[in-house]
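Each of the next two complexes has subunit A plus one more chain, namely subunit B in the first and subunit C in the second.
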Partner chain A sequence: MNLEQKEYSKLVEKHSGKSNVFVNCLRAFLVGGIICVIAQIYNDILPFSEEVSKVHTTVFMVFFGALFTALNVYDNIGKFAGAGSIVPITGFANSIVSPAMEFRSEGRIMGVGAQMFVVAGPVLVYGISSTVVVGLIYFLLTR
Partner chain B sequence: MAQKVGNQTFVLDRKVYWREGVCIVGPKEKEGPLGKYFDQKEDEDFGEDTWEKAEARFVSATYAKLLAKSKINENMVDCIFAGDLLNQCIATGNGLKKTGRPYFGLYGACSTMAESLILASLLIDGGGANNAVCLTSSNFASAEKQFRFPMELGNQRAPDAQWTVTGAGACLLSSDNMGENCPVIVSVTPGKMVDYEVKDVNNMGAAMAPAAAFTIQAHLSDLNFSPDYYDMIVTGDLGITGKKLCREILKKNGLDIDLKDCGEMIFDPETQGTCAGGSGCACSAVVLNGYILRKLRENALNKVLFVATGALMSPISTKQGESIIGIAHAVSIQNM
Partner chain C sequence: MDAFLKYLAVFVTGGLLCVVAQILIDKTKLTSARILVLYVVTGVFLTAIGVYEKVVKIGRTGATIPLTGFGYALCKGVFKAIDEKGFIGILTGGVEAVASGIAMAIFFDLVASFVSKPKSKNS
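Right, the complex of A and B next:
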């Protein structure tokens, strides 16, 4: 029996399922949009200055992202919405709370403490690093 | 003593009886198309506070049920061949630690059921044991935790991804049928490892399909059988994508076989959101010891080639960019 590597790779390509990009984008747009609209409404009704409202809104959204994760709801929203619920800050809360819940069984130090950032860690490391790099370039250009 | 025939097949000399089989599954499996063939349903957490303990409970409960159903004293179990997906087979270890019987922990990923059947039947055939238990388990949540992401993370599943079956399946192989009409293990074909550079952990069916095709072809050619010899050739957990690939490889090599696949049969992807189908050590184990055993007993099937498939990889190997090794072992089970 023979099966060439190249031939098989082509076969795998042919038979592998394709994600429906259009439907996924539509769902992500809808759910992501709804999340942003909620944040915007909350932001607008706050009686504070713009600077203060922004921080309040962020805290509000992070809290509800964490709460809906704890209530076993956020993963179901994510199954439907994909990037729509991953990209907003509620998704960031979800990516920290979900491993914290998952690894609680390994204890507070090596479980929750060590594993909490297992998903969000790379975002933090490279997000913060890139802000430093971009900030530095900005500083040099505008000096 | 078993005789080696051809390249990699062993034909058993003594009759190794498949005395009894039991399976306990989770709620999703019970709701699936084969639900009525499974002996018992338990919640995914089995009332435990960790997923790993839950899987161990599935193991111990399945073992206890097997002993009760086959009406044998535990001391009559000469050895246990068992395994699961967790690191160092810890669910099996914790589930069986109180048995006090000789134990071999196996890791063949999702092919472990066939691996255990092969080793147990060869041992019985050689006269080394009279009764051996083969048992495998998996748990959706514990597997997700080890191999993928936390349960509550809001991500989407890839279209070719498979859903790890929650449950455990076990059987008792014996040199004595105790006067009952039992299916017999006639021959076994241990598989070789195959690597076709598949690196996508969301497409394990593609990694395993060539291994399954090679093992099926080897079994048929070693014994000089045509595919029609068997009423059913059933693979372990290639899933929908893997089964298509396996059929195509076989067809290219002149074998047009109407394959069945445990992973494809156990769930309904339309209503259960399971993408390409079931997987996990328990997938083929519960379908074999639930559905297939019943069909053999009812004589709806008389000759079955059971080909459990495994994807050999770890979270570390995939992060390091290693490809997934496929393996498949075949066991020929027949009514005599």
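Right, the complex of A and C next:
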């Protein structure tokens, strides 16, 4: 009886764990996909050239990522979507504004100003540093 | 129909990039900050070897809006600046390419953090 129960709970754990990953992935896929489609639709209705439209689209998505975070909507989307809300650029905006809001009580300089970059900082550090390395290689290869 | 397929490509590309991150979160317990760093660096690397450009052709914003696209913009900016300005482009190109996004994020987030009232969070 005891053994059966143990095995049963193990079985439940195994299966629920598996389906959880699957459900999480499905949600991430849906929300991430929808965010990208919204960006594409905005991009397509803009009257500018392709290059300029791309920049406008990024700014637009950052704006709404920050706005929905400030309205406390984005975190609720995040609870449902997981990585679907983290990976798009809206999640990057969220990662800046969310700690900025949270640490406001610690002051405008060391609270908001410093905590903003708790996630975005590493992204910029490693993103920019890797382009310097890659750029150096590209420069040497093309000379 | 053609337009539908194009948007479907955007949806699937963006969705799949998020699924990869979700699997990483669930299976390896990587924090979201690490995922984002990994995505940007991967984006830079894939762009440098010419793979990501092909993904962008098909997936459009499905490839540029996820954080790998941030790496793509950084890397493309650096290459372009090197072609135009030479050596100094290594340092100017990347940040220039993403300057609008960063300035927007910083400024609007600063405004947002002042005007909004955060809900009490436990996380």
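Rule of thumb we're sticking to: the second predicted complex is superposed on the first by the 124 of 143 C-alpha atoms of A that agree within 3 Å, B and C clash if a C-alpha of one lies under 4 Å from a C-alpha of the other, contacts with A are read in each partner's own complex, and residues count from 1 in each chain.
As a convention for this text, contacts are C-beta pairs under 8 Å (C-beta built on N, C-alpha and C of every residue); 3 or more make two chains touch, one makes a residue touch a chain.
Since the structure is predicted, the reported quantities are computational estimates derived from the model, not experimental observations.
**Q** Now for A:114: first (subunit B), second (subunit C), both, or neither, which partner does it touch?
**A** neither
**Q** Using the superposition on chain A described above, determine whether A:72 touches subunit B (first), subunit C (second), both, or neither.
**A** Both partners, subunit B and subunit C.
**Q** First (subunit B), second (subunit C), both or neither: which does A:136 touch?
**A** In the superposed model, A:136 contacts subunit C only, not subunit B.
**Q** Looking at subunit A, does subunit B or subunit C touch a larger number of its residues?
**A** C
**Q** After superposition on the shared chain, which partner residues are touched by A:36: those of subunit B (first), subunit C (second), both, or neither?
**A** second
**Q** Given the touch rule stated above, what does A:46 touch, subunit B (first), subunit C (second), both, or neither?
**A** A:46 sits against neither subunit B nor subunit C.
**Q** For A:97, using the defined touch cut-off, is the partner it touches subunit B, subunit C, both, or neither? Pick first, second, both or neither.
**A** Touch status of A:97: both partners.
**Q** In the overlaid three-chain picture, which partner chain does A:5 touch, first (subunit B) or second (subunit C), both, or neither?
**A** first
**Q** Once the structures are superposed on A, label A:82 by its partner contacts, choosing first (subunit B), second (subunit C), both or neither.
**A** both
**Q** Can you give me the overlap between the subunit B contact set and the subunit C contact set on subunit A?
**A** Overlap of subunit B and subunit C footprints on subunit A: residues 24, 69-70, 72, 75, 81-82, 86, 91, 95, 97, 101-102, 119.
**Q** Quick one: in the complex, what on subunit C touches subunit A?
**A** Checking each residue of subunit C against subunit A gives 7, 10-19, 21-27, 32-33, 35-37, 39-41, 44-45, 48, 59-62, 64-67, 69-71, 73-75, 77-79, 82-83, 86-87, 89-91, 93-95, 98, 100-102, 104-106, 108-110, 112-116, 118-119, 121.
**Q** In their shared complex, at which residues does subunit B touch subunit A?
**A** Residues in contact with subunit A: 49-52, 145, 149-160, 196-198, 203, 206, 210, 213-214, 217-218, 241, 244-245, 248-249, 252-253, 273, 275-276.
**Q** Can you name the residues of subunit A that touch subunit C in the complex?
**A** 20-21, 24-25, 27-37, 39-41, 43, 54-55, 57-59, 61-63, 66-67, 69-72, 75, 81-84, 86-93, 95-97, 100-102, 104, 108, 112-113, 116, 118-120, 122-124, 126-128, 130-132, 134-139, 142
**Q** Hey, which residues of subunit A end up touching subunit B in the complex?
**A** On the subunit A side, the touching residues are 1-3, 5, 8-9, 11-12, 15-19, 24, 69-70, 72, 74-79, 81-82, 85-86, 91, 94-95, 97-99, 101-103, 105, 119.
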